[in-house]
Structures are given as C-alpha cells and as structure tokens.
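The chains carry the letters A, B, C, D, E and F, assigned in the order they are written, with residues numbered from 1 in each.
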C-alpha cells in the first residue's frame, strides 16, 4: 500500500549509505529487526541518514526524560496526527519498554481528554489568561 | 476574542451549579485562581460539570503515571491539535509541577520529531509491520 | 495580522469583478456588512468569485438540510481544523439563524465527545466492523 | 490491525465491569450488536465506563438537537480528524436514523466547503471582524 | 471499505450527469482510467459536477505555477491532512508529470521539516514578528 | 504571548552556542534580522542547533527544487497544520523570493481545493485504486 518500495535486506546491503544506517539501527537496538519505516526511507538516503541521526539523538541518547515517558509522548502526538503507522510502531516500542496496561489506559484517557478540551477551547476561542503568559 | 462571555466570580456565585464547580476547582487546586476555560464553560453548566468531573478523575486522581508526565502528554496533544489556549495553560501547569528547562527542551524535541516522522510515514503511506500487530 | 491587505469598500468599488461579488453578497444577505474573509479574498478575484459561488450554492440555496443545521456542521469542521476566523464567523451566523444556548451547548458537547472518541479509535487503531461497510 | 485485542462476548461476560457496559449498550440500542470500539475499550474498564456514560448522555439522552443532526455533526468532526473508524460507524448510525442520500450529499458538500474556507482563512491569517466578537 | 458504493462504468453510463463528467475526465486526461474518487462522488451528482469543475479550473487550466509544482503542493496538503487516498493519487499524478526521485526526496524532507517547525512554533506559541505583517 | 521568553541580541551574544547559530543565520541570509522563531528556540540550545542545521540543509542548500517552490510547499503544510507563525514567516519568505500575486492566488486555490477533496475522500473512506499502488 506504500507509495514507495520497501527495501529488502539484500537491496540495503548493496547501497553503502543505506547499509550503514541499517547496521547502526541494528547495533543501537540490539535486534536484527528493521521496521518498514526505515525500509521506505531507504529510497531517499539523505532523508534516511538525517532522520535516523535525529531520532537516535532525541529518543535513544540519555536525557532528563526516561525512555518510556518519551514513547508515551510520541504515541500522543502520533494519535493526534492520525498516523496509523506511528501509533502502531511506538505503541509496540512503549510495551517493549515496560508500559503496563494501567499506564496505557491512562495514556489513552489523557489523549482523549486533551482532544476533547482542545475542541472545547478552540470551539469557544477562549482567550489565554494573563497568568499563563511568560513575562519579558 | 471568545465566542462566549467569560463568567465573573459574581456571576458564578449566583448560579448554584456553576458555583459548585468553581468551589470544587478552588478546593482541589488549593488556589483561588479559576482560569478562563472554566469561566467560558460556565455558559453551559452541563458541559462544565461533565468536563470538570472527567478532568479531575483523569488528571488529578492518583494513577500509574505521575502528575508531571500527564501534563507533558497533555501539552503534546494540544500542540498537535493547534490549541493555543491549551498549550499555554498546560505548559504553565507543567512548570508548576516542576518541569525543568531540560525536560521542556526534550518534550519540544520529541513533539517536533514525532510530527516530522508522522509526516514522513503518512507521506509514503508505509504499511504497518506484522510485528507491530496485536495477535488475537 | 493578515498576510494580505483587506480591501476597503472604495477599493472594491473600483474593481468590477470584486464589486460584483461584494454587491451579490450584500444582496443575498440583505445586509451592508461584508466581513473580512471576502475583503481578504478580493486580492485574488478568481478565488473570490469561485469561493462565493460555491458558498452560495451550498450554504444559501435551499436543500434538504435547514440553514441552522448547515451552520452547526460548519462550526464543527472549523473547530476540528483550528480555524479561529471560521469558528467566530460561523458561530455568529448560527446565532443569527436562531441557535439557542441549549443547542450551542449540545453542539460543543458533541464536538468535544467526537474529538475524544476520534482520539481513542485512532489511538487503538480499531478495525472497522464489517457491519459498517457498504456492500458492492 | 488494532494495537489491542478486541474482546469477545465470552471474555466480556467474564468481567463484571465490562459485562455491565455491554449489557447497557445492548439495552439502550435495542440490538445485540456491540461494535469493535467498545470491544477495544474493554481492555481498559475505567475508560470504557466513562466513555459510554458520556456518549449515552450526549448522544442518546433527549436534548434540543435531534438524533440525526447529532450524527451529522459527529461525522463532520470525525472526517476533519481523519478517523476512519469513526467516519464508518457514525455514517452507518446516521443512515440507521434516516439520513437520506440528499442529506448526505449536502453534508459532504458542507464538510468539503468548510475545509476549503478553513484553509483559505488560515492561509491568509484573516483577522476576526469586531462584529463577530462577544461583548463583555 | 468505502461508506458509499463505487459506480461502475455501466452505472455511470446510465446517468446523464455522471456520464457527462466521466466523459470529460477521460477527454481532459486523455486516458480511459477513471479513479475511485470520481466513482464515489458519482453518488452525489451535484458534488461530482462542482468538484470536477473546480479541480479542472485549478489543476488543469494553465496558470503561473507549472503542473508538477501544483501536484507537489497537493501532496503536501494531503499528507498534513492524513488523507491516504489523496496522498496515493497525487503521488501517482506527480510521477506521471515527471517528478524525479530527487524531487520526491526533497518534497518529503520539506513536508517533514515544516511539520516539525510547525510543532515547535505552536508548542512555544511564538508571536509573529511585526516584520511579517502586511501593512494596511 | 509565548510560553517562553524571546532572547534579545544581548542575551544571545552572551551564550556561545546561541551566538554561533545567530551568527550563521545572519551570514547565511545576508541580513541582520533574526526572527522570533530562533529567539524562542534559543531557550533550548540543542533544539536550536539541530533545527537550524536541518533547515539550512533542506531549505537553503541547492537541490532539485528551486527555492520558491520549496517555500510554497512550506506554506501549504503550515496552513494545513494551522501554524499561524509559520504561515506568516514563510509567506514573507516566499514574497522575498519573488512569489507573484498570481502564484500566491494559485497556491491558495490549490491548498483550498486539496483540503476540500481531502475531506471528501476521508468522508467517504474511498479505497485506493490498485493503479496507484507501488509494486514490489
């Protein structure tokens, strides 16, 4: 159903730029599985390299937010943007990082609640309280 | 700029249903400040009551996600939905709950990155890997 | 705050294509008021003409849905699309066509509820029941 | 294709909270059919209970808007939010409540027209006319 | 999977309004292929006629933007709006009009980048610089 | 109205990472003007550096799409995502790169038309024609 072909391992191995990224994905994740997102991006090596570099820096490198919290935020954005692929891949990633059923239920509740109040606030065009503004 | 009037404290005090919700907001938050969202919803007491009841259950009651994580998810959804009011109010709430500059920077990075990969996945209509499907 | 200038009545009167549309807006609505949307579109006469022609056919000409129901649907879409201008103009239009406070409260409730269940359905990527498919 | 399992009738019958909601859905709708949305929500009983309670209050209880108008608004929001599941389920619901082909054609026209003018207004960032503001 | 039936050539031939549009699509595109979008719209002849007339005027008639640039813009909007059908059909159209792999990769990069900076700007609610405003 | 402070030139000059990016923005654009987007991102130096590096690579470096076409695509995405800031800044950029009134009118027409057909295709959940699928 894609608008581009999905690269096989054989095709990826034959292109040095693509192979380098696939190798780094496997090494970083300690898994042989390379999901379709990267197989589709392989059609555009520059986009593939830049996207993986950013994702690794933002989602993999240690920071102040723990890995599971990062995935919950990712699922929330992907749901609001109606990205079926991203919802699936990051829900699987969150589960692999230990998301419990209780946490998932709360995530869904918050995403639903936020979408509802977003609609109410946009529907009434409520002005921002001065208390919420950052002084300068 | 709203499509509805924002209720003053005097007006709220004169309507039993609105007063009850405003009182509970103040008691729950241990603060006299009632933000414009509730002052706008006061025009529709049934919507006001139902929305506050849900928000209290989802965002205030103890659960498996800590209060700051809940706010980060709320900001993420509100950003993706372009709700200016909600971005402002929940960013202020997250700061009040201890969000550091480092955490905020990571949140922005993740929301930006997710929006980018959402666009790439939707743009190429990448099929979901069977590995991400839930068996039944 | 616009990216284009808003045409004054004097400027509109000096351009035959713009004047013709402004005249028809006034005649159709039986009001001298021409709102900013049309004053902005006047910068592009072809877009102005086509947009007004479509709007008149869809929103003004008699059909199977009554005028108020049409406005409620318009507000719903504009809210979901975060169009501040459109929310304001069509809420005013709905009020002018008789929308009661009770109807407005129900509209807001439905738009909020739909946004919430949209997020829940997209968040869990629920498959469409065969019962909802149209046979062929 | 879901990120969660869909509960069978047997599984639902074995969980008192889920069974109670399923029973009420069947009684309220006077039909044995329980669609996938509720079978997916069953994984999170608290979300299931809260969502059904809200939906019943907003969409089923008598109000100032008739049931078909409510469904048209629901379809409009679901379309703007790109929720495939919700578009399917509420279009089927609207048909069951008597939506004619003519009404459906007008709904589609309005949703399309609103989306177009939303884009035009957002694209030119047209300022809201003072006439549309609510005085306070 | 549609909510409406898709008209066959036989059915289209039997309805004068639908046949006229299908004939014009084939003549304009110099191809016998009529894609599902039009076969679905055929259920609503007025919507079919108006949509085809607008599309022909905007996308087919000569203007200041070349045909390929128009398709790139169309893909960009369709991606941001999560319209799977439209992404597929206009990516195919862009390829038919000569889009190279290099151009496609740049398009995807820009759509991804814009989505990311949209999220950053909305997430921080950055005020518009006076330099970007149009004087009036 | 921002959720963060906007850095002045004095503040930027005092932080080596921020100063380096601001200097490069000025050198690349051959202009002393640094718009608010970068002054807001300055609060998060890592996000500032990464975002500018990507934008420079995608929007400034020579490629197969000309600079004006890139800006038109950027406006289209920003409009669909309801990003007021981005619509303003990139419309100004497009004008600076030579966008004519005629091209702007066509851009608006296409963005509006695409939004309309996106809604129609999503509203009817039209299945993708096999002819649009990429073989594998």
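Operating definition for what follows: a contact is a pair of C-beta atoms (placed from the backbone, for glycine too) under 8 Å apart; a residue touches a chain by one contact, two chains touch by 3 or more.
Being a predicted model, the structure only gives us computed values, none of them experimental.
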Message = Taking contact as defined at the start, I'd like the list of chains shared as neighbours by subunit E and subunit F.
response = A, B, C, D
Key: Chain pair repeating C-F, as identified from A-D, B-D or E-F when over half of the contact pairs by residue number coincide   = A-D
Inquiry  = Can you report the angle of the rotation that maps subunit A onto subunit D, using C-alpha atoms only, to the nearest 5 degrees?
reply    = 120
Chain pair, C-E or A-C, that carries the greater number of C-beta contacts = A-C
Rounded Å distance, subunit A centre to subunit B centre (Cα mean) = 21
Query = So, what's the distance in Å between the C-alpha centres of subunit E and subunit D?
reply = 27
Inquiry  = Where in subunit C do residues touch two or more of the other chains?
reply    = 1-4, 6, 47, 50-51, 54, 77, 79-84, 87-88, 91-92, 107-109, 111-120, 122-125, 128, 132-133
Request  = Work through the pairs of chains, note which ones touch, and then classify the graph as line, ring, star, complete or other.
outcome  = complete
Request  = Using the touch definition up top, name the residues of subunit D that touch subunit B in the complex.
outcome  = 1-6, 50, 54, 57, 128, 132-136
Request  = In the complex, go through subunit D and note every residue touching subunit F.
outcome  = 75, 79-80, 82, 84, 87-88, 107-108, 111-120, 122-125
Task = Would you tell me which residues of subunit A are touching subunit D in their complex?
result = 82, 87-88, 91-92, 101, 104-105, 108-109, 112, 119
Query = What does subunit D use to touch subunit A in their complex?
reply = 3, 43-44, 46-47, 50-51, 77, 81-83
Touch list for subunit A against partner subunit B, complex = 1-4, 6, 33, 35-37, 40-41, 47, 51, 54-55, 58-59, 63-65, 69-70, 72-74, 76-86, 88-89, 91-92, 100, 102-103, 106-107, 109-111, 113-129, 131-133
